[in-house]
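Listed after this line are the structures, all set down as structure tokens.
In the two complexes below, subunit A is the common chain; its partner is subunit B in one and subunit C in the other.
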Partner chain A sequence: MMNRLISKPNRLTRRRAINALLLGIALFGIAAVVNRFERALMPSAFVTGIVLWLSLCFLAAFNLRKKLSFLPCLGTSAFWMQAHIYTGLGTFAVFGLHVGWRVPDGGLERVLAALYLCVGGSGIYGLYATRTIPKKLTQLRTEPIFESIPRLRTHIAKEALAIIESQVEHNQVLRALYYRQLRPFFENRRTLAYVIAPSARQARLLVNEIHKQDRYLAVADRDASKKLAQLVRERDDLDYHGAMQGRLKSWLILHVACTYSLLIIATLHGVMAHAFAGGLR
Partner chain B sequence: MRRPARWDHPFDPNLNESLVEHLLQVAPFKQMDPDRFPPRIPLAGILRNDCRYLNCKPGEIIVREGGYGNSAFLILSGTAIATLQQLPSNPPKRSAEYEMGWWKALSQLWTNPKVAEVRNGQSTANPLNPARTKPANAASMFIQDLPRMLSAGHSAQLTAGEMFGEMAAFTRTPRTTTVVAAVDCELLEIRWQGLRELLKFDSELKRHLDLLYRTNSLHEQLQQTPLFAGLPSRAIQEIATTATFGTWGSFDWNNQFRIAQQSQEASEKILHEPLIVTEGDYVNGLILIRSGFARLSRQHGVGHRTIAYLGKGHTFGLRELYHNWKMKRQLPYLLSLRAIGYVDTIHVPTEIVEKWLFPNLTLEQTPPPIADGQEPLVRERRQQSREEPLETSLLEFLLESRVINGTQAMLVDRDRCTRCDDCVRACAIAHQGNPRFIRSGAIHDHWMIAQACMHCMDPVCMIGCPTGAIRRDEHSGVIHINDSTCIGCGTCANSCPYQNIQMVPIRSSQGEPIIGENDQLPILKATKCDLCMEQLGGPACQRACPHDALLRIDLTSPGPLADFLKGNS
Partner chain C sequence: MIHNLGKPATGYYRPNQNWQCGNACHSCHFGPSDKGECQAVAECNPIATETGWKCTRTPLLGGPCDDGPSDSGVCGCAMRHCNPLRSLRWWRGRLTAAVTIATIGALVLLFSRPNANQFLAPGPLSGSHAQVLVDEQRCAACHGAGGTGPLAWIADTLSGGRAIPHSQSDLCIVCHKEKIDSALATNPHNLSFDLLAEMTKKAQSASPNVHVTSGISGQLFNSRTTARDGHAPIACSACHREHHGHDNDLKQLSDRSCQACHRQQFNHFASDHPDFSNWPVARDRSIKFNHNSHAFKHFIEQNKSFDCNSCHQRDPSGDLQLLGTFENTCAECHQPSMMQGSGGWTFFSLPMIDHDAIRGASSAIGEWPAAATGDFDGELPEIMRLLLAADPKAAPALNRLGTNFQFGDVDPDDVQQVRDVTDVLWGIKLLLWDFSVDGKEVVRTRLGALLGNPVSDRELNDLTVGFDQMKFLRARLNWLPDLANEITLKLPNHNSPRRGSQVVHQVVGDRTLVVPESGDVLARPLFQFQDDVLAENPLKKLLGDRSRNPQSAIPLAEQTQLPVVIDGGQTQNAIRIPERIDNRYIDGSVPRQFEFPKSTDDELLAENPLQVFNRNPPRQNQPLGPPASDQTGIDRASEVADPSPQFDSTISSAARIRELEGALVELLRNQRGSWYQDDSTFSISYRHTGHADQYLRSWTEIAVKARHLRVSAADELFRAMTSPTAQGQCFACHSWAGNSAQIHWLPTYRNPAKSQITKFSHAPHIIQPKLNDCQQCHELSGSPAIDGIVAFSDFKVMSKAQCVSCHQPGGAESNCTTCHSYHVHQDIQSYLIETTTPK
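So, the complex of A and B:
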């Protein structure tokens, strides 16, 4: 424990510390400006609003940067990601200052706040998901590409059918099990409940069921039974990959869609606020 | 469309028939028997299509130490100087010649075709990757103060009839010397494909080159080995005279590797690697790795545990030899040395090492002592190589999958990779909409070596290319394919042990496959990662990864990987 405390921090820990320090300085600066405005009895909402809007534009620009990966002057995507995370976290504080730490009362403002919370919330979830899901996927035996998962599922289903048709023609035990329980598993897609909360329960039950039949099988047919159990595990890994990789992709779609909606409404809100307040004094 | 063929694009379009006739009267070509060459590859055809005539001015750099060579040079007239002197300035790591401008880079966003693998219907040339032969007026680099450089020593004069650069071309390794024109020089540059045919059909040239190696290149190589660098020239002379050469494994090791990958268990694979030295053997000399890779292993249970791997310039047996010399006792070799793929070694006898090397060892070069009766620990061996240790299972994986050959392997940390495929998309944008790698590959723990060209130290893909379309960039070492000279034979794709080269059918901009005029079959082209050599910012894949999960890394020595792992742990 002591060694860990006094050992030199690694590259990622150093990066986190520097980014947090920079964010702290930036927030302190913004808070000081807001404080100064309020002491002078000037509305600070314009300052925080402009900071928020600019931050939002910067955060949305990350998607544009991804399209321009070949321009060296824009920096690496990893650098943008770090800036995106810490700027995004910083906007929570600025948003709080902007709305005065209370629920907005106007209709448009409420929609705007809800959208902001959607974007921020999906961002926080994304941060959590991108830090935890890859580690879960690494533990599996396969590493399929998302787009190839349907093809691999079909391949496994065909393999299972081939085992039943070729290896155990004379054995009705495995055949019956296959048509009763395994075939629906191999040939159907998983339910929405599985996609939302994937679990290996069904696969475990099926493997157990296959093993329970071993006592009724000839020694030669036990090989086929082992292969079927292996295919069940492979299919389950594949489904887990599909569900988790799908989750990693779908949260981003939600996050980006909410971001663009937020950007449009925030721009409208800014224009209206300035139009009716006569601009910055 | 007419199917592309070998010699469609001669190495030197300006080389005329009269010069070919003249060359046939010049040594070593006049000693060659044209009848030994098959009708489809005649000697005159090789000279006409695989050679280039060069005229160099005094002080002009012909080849540069450290640069990669795909060709050998024959001096037709004049004198050149081969020197080990460090040149005043190093060439840029990336070839500016290939890089596109800012506007062209940006315009990829809207000019990239919507269809995969589009090529111009008239010619198969890729507009971003045209045939590149050095034009007559190409800018050359000169040594300003040639007399001073020559007076500094470590240089040799090369005269008409002599050949140089052939070792780098053959062993697919960097050039070991710089060669500068001393006076006006006429040279014949023979590209590797032509040289290969000349050697294949004429045994005299092979003997001539072997002799050249022993008299010239071996001296240079010994002088460049840090252990021998401080020795006087007569010591180098004696070492060169007494040293014996060893060749282990097969030159085209890739075929055996592929078979072994499919058929053998992990514990069996190591047993098929040729043993250079067996643990427990009598110590009879120092072994210097001339080219290739070798595995250091020790018996562990009924198997063999990998301790480290050695590459070009590394030595084996120094510690045992030094112990025996110092203690006047006999200790056998403590580890086994096995060839991974194809390895060239130089064996320096014990008496020569004791006579010249040990009395001149610096404190830093002195190996750590071996306690009596105690075998050196794994850790000690690693300390000796002054590199951070890699864990054994990772070492075993690197060697088993032979990715140690990669100078730019694509390492993916699966614990950080969100499978977003931003890297694949960035690669596609940089290559006219066609990704040049597959995010899949050999896996160890949470690391994956993706299927992207690793720009190998020993690029076996180049061995069989009939046209020289796949070649190594002289400065950066990037292996790239010239689309216009690729005839789609698939030799490179079949040779790549890692399946990192894909053969693709090319299409017109309307998406229709381009087919050969005579056979009506689709025309194929070899494609692979070119490390974004035309792009301004370097490899797009690495720059596009938002999670720092992808890294292009040199695995030819354990150091960079160990440093990276240490930084992340």
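So, the complex of A and C:
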């Protein structure tokens, strides 16, 4: 990282460095204010709470920005995305300062903290997923759209069936293999375990099983065997795409679904904290 | 590859819309409508040309089809109809809405429940505030918002905290007002800023090694060098953070909390805290005991070991080391010396006067004892001088003569001085007259006038312990028998202090007495012996004093009755002067009396010298007490009808009485705690009982009080009481608060009920056997340290190193609050309490 920064920083590296620097400065300023408040026996939680609430509002406004894309004065979506990412990262530090780096004691506060961690945690995962999964997917042989994957699965299953029914009509070995092992693979969806932790193990086993049958096949039928093995690989790639792209989309469901609840309870918490604040006023 | 299979990989997908094509094999490029209706009809919309209908299928679908449109213009590639599906985005939106609605519903449900505060509270209360839980309005007990609703909360938030009246600190004081002054509750240390400034100034001057930056003069705090302005009020919640669970210690504060205000920043006690410059010796001590001289001289001379525990005892809590009583600790050595040379403290006396000088100054003094004439001589007793200062004629004369005036200093040739002396002499005669008529009330009247505030009954009793009015009456009649007529002639309008009425003349025998028109003592018939009086042995009191428990030596209700004969041979009346002897401390305890050695006078005392005059012999086991007539109004003489009177008329009563009276006076003169009249020196004196004598104590307090009130007439009394040769030598050991008239008669200790800024408890320290030796920490300085009236310790200043040996990282606690308290009481004097070690 340092070498990249020192030697020849590219645009992405420069952007990350600048954003991280700005975030660091902002956090340092907040920490300084908090420290000043704590030293003065003044409740710093109000400072961090207000900063946190405003940050949440800003982060939630990113969704509004996408709905108001026709307004040029709002800035580019990429800018908002960067601001969303770094502001969201910064809220973790502010949240830690706010709760004193401990588990809150109150019921409402715990719900609020849990919601924040859900939203923030899903955002962190989303940031990780969007930075790592596409790289893995581009290394595959196909790049299907997530919504087209079911249809492509159907298409592959039909292709496999066509091969069995047309080219190896008289080869009982391949037919038996297809109906015993390949057809469930092509026609069924993958298990939840595969969605959570995708693995090519099943595909490799099937391909090996297909290749084992080659000794019993005529030379002409071996071509069909190769096509079936290819379809198995393509189906596995497709399933991998489905699982990975599902990850890319599923974190956002949790991220967005909890956002508004977080804002509502955070607002309630802020109002109550001000109304019930101990102090001299 | 899929696309290598000759099949299109994708159709026209609309992930951002609510509906997607439901075709399982191929997505049409039209897609569902916004309402979720399938819009697929044909792959193209043929257009009419001159040659017929032309296929317009998009190249994405393979371009124009081979068959082309029909003749009627219908696309030949009809599309399969589908049931559109909800998109993932739609489901996400619905989930978001559902979660949001569920959240709002849960909150509404929550607020509708009566015990919602348990969930809404930021945490359980600490055990110290558990009693709040029994209150229905739990939150309202500590929060002003607790008694309002959500709308008020919002209004309060939007208005910056002005919608809800009571602050939390106000509500804290509602319960804690007993310990914290509500007016000073939010001040630093609950002290006024003036007092803080004074303490800071004192701390700075006493601790030169504490580097305090120069700031606003007189302030402890400075916002420039600390995080907090010293004048800013501090909310209770600034340090006491609630809602952190039952086991949360509200009183546990971090060092950082202290350093929010204090200029000098300490990271750790062992490394940063300044060494003790005056702990624990800066405090004024009530008892000026010189440990060094006792340890290194007196105890060695007495061949005794200097053991701290022989005088100091641990209090039940173990916090304090209490000082033993005088009787248990000091009396053995100091009581005899205290009694030596105490021939009595002259209360009243007639000086020697020079009649020629007085006549030469064209003045007259009237009757004066012949034995007290010649040259001016004699001293003016301090108390008498003070009482004369209330005489309107004697006071200016005394002022002109000077505060340390003595009669021996009078120049007979100085006319003015002699005239002033004459005024003083008349004042003395008037004082004697008043004492003989009004008794101790004279003290009340004159002192009240001098001090500007009335003398209470208790004070009067203390100031006149054992006062014997009969002695003054007898002195008057013996020394100045014609005083009544002189007073009548010279001061016809003189009213005795207690009686506002005019006096009248009563001729008894060859004397003309002055008695009031109405009164309780002298209005009674004079010179009449009563049998029950004669039956009472006046010496029995002395005998009883020796035999009884010292603490009950002089019962409160006991009345002393002494027959006084003022007329030669005429034995008519007896005068009963009730004498109340109140020799108690303010707290009700009775000081122990010094026990005199037994003498062979017991037999003499047991014999009633007055029995010879008694016509009715005393009944056996007759209790002491006032005559029955005093209680029932019935003369006892009429009850006791003795047919055989024992009165021996053959004895010369006057001669016998004078003889016995002389013996009686001699005996009384040696009695402690009594008054005696000396006809040879024309004086009436009080002989104190030794330590804690109530009479000395009271007049000492008057001397200090008068000095505090700047009554110059009491200067001589003050000088006498504070001199090394003073009666009782009270100030040899006792001190008084310099800024008040309070004398420390008892040892003072820290008041555990009212915390100080610095606190210390011996209890956890003396657990170690090694520290049972007090000198492990309290090392004697080795040199005397008595400094005038205010005494300072004669111990070496303790070093911080003594504490650091245990109070260090990894050892005992060394937080600021280990040794310092935040909440202290405004009344600094209340830090100290006076008490004695339980006997």
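The rule is short, and it goes like this: the second predicted complex is superposed on the first by the 270 of 281 C-alpha atoms of A that agree within 3 Å, B and C clash if a C-alpha of one lies under 4 Å from a C-alpha of the other, contacts with A are read in each partner's own complex, and residues count from 1 in each chain.
Basically, a residue touches a chain if its C-beta (ideal position, glycine included) is under 8 Å from a C-beta of that chain, and two chains touch if they have at least 3 such contacts.
These figures come from a predicted structure and were not determined experimentally.
Q: Please indicate which partner A:Phe146 is in contact with in the superposed arrangement: first for subunit B, second for subunit C, both, or neither.
A: In the superposition, A:Phe146 touches subunit B and subunit C alike.
Q: In the overlaid three-chain picture, which partner chain does A:Ile264 touch, first (subunit B) or second (subunit C), both, or neither?
A: It touches subunit C, and subunit B stays clear.
Q: Would you check which partner chain A:Gln172 touches, where first means subunit B only, second means subunit C only, and both and neither mean what they say?
A: neither
Q: Let me test your reading of the model: by the given contact rule, A:Asn208 touches which partner, first (subunit B), second (subunit C), both or neither?
A: neither
Q: Is A:Asn188 touching the first partner subunit B, the second partner subunit C, both, or neither of them?
A: A:Asn188 sits against neither subunit B nor subunit C.
Q: Pick one for A:Ser199: touches subunit B only (first), subunit C only (second), both, or neither.
A: Touch partners of A:Ser199: none, neither subunit B nor subunit C.
Q: With the two structures laid over each other on chain A, which partner does A:Thr13 touch: subunit B (first), subunit C (second), both, or neither?
A: Neither partner.
Q: Identify the partner contact of A:Thr138: answer first if only subunit B is touched, second if only subunit C is, both if each is, neither if none is.
A: Only subunit B; A:Thr138 stays clear of subunit C.
Q: In the overlaid three-chain picture, which partner chain does A:His274 touch, first (subunit B) or second (subunit C), both, or neither?
A: second
Q: Subunit A residues in contact: does subunit B have more, or subunit C?
A: Looking at subunit B versus subunit C, the one contacting more residues of subunit A is C.
Q: On subunit A, which stretch or stretches are contacted by subunit B in one complex as well as by subunit C in the other?
A: The overlap between the subunit B and subunit C interfaces on subunit A comprises residues 145-146, 249, 252.
Q: Over in the complex, which subunit B residues touch subunit A? Could you list them?
A: Spelled out, the residues of subunit B in touch with subunit A are 102, 105-106, 108-109, 414-422, 425-426, 429-430, 438-440, 443, 446, 448, 532, 535-538, 540, 542-549, 567-569.
Q: In the complex, go through subunit C and note every residue touching subunit A.
A: Residue positions touching the partner: 1-2, 5, 7, 9-11, 13, 15, 20, 23-27, 87-88, 91-92, 95-96, 98-100, 102-104, 107, 118-124, 139, 142-143, 145-146, 148, 150, 152-154, 156-157, 160-162, 164, 167-169, 186, 226-228, 233-239, 242-245, 256-257, 259-261.
Q: Touching subunit C in the complex: which residues of subunit A?
A: 36, 38-43, 104-109, 141-142, 144-148, 150-152, 154-156, 159, 234, 249, 252-253, 256-261, 264-265, 268, 270-281
Q: Considering the complex alone, what residue numbers of subunit A touch subunit B?
A: Residues in contact with subunit B: 10-12, 66-72, 76-78, 80-81, 130, 133-135, 137-138, 143, 145-146, 245, 248-249, 252.
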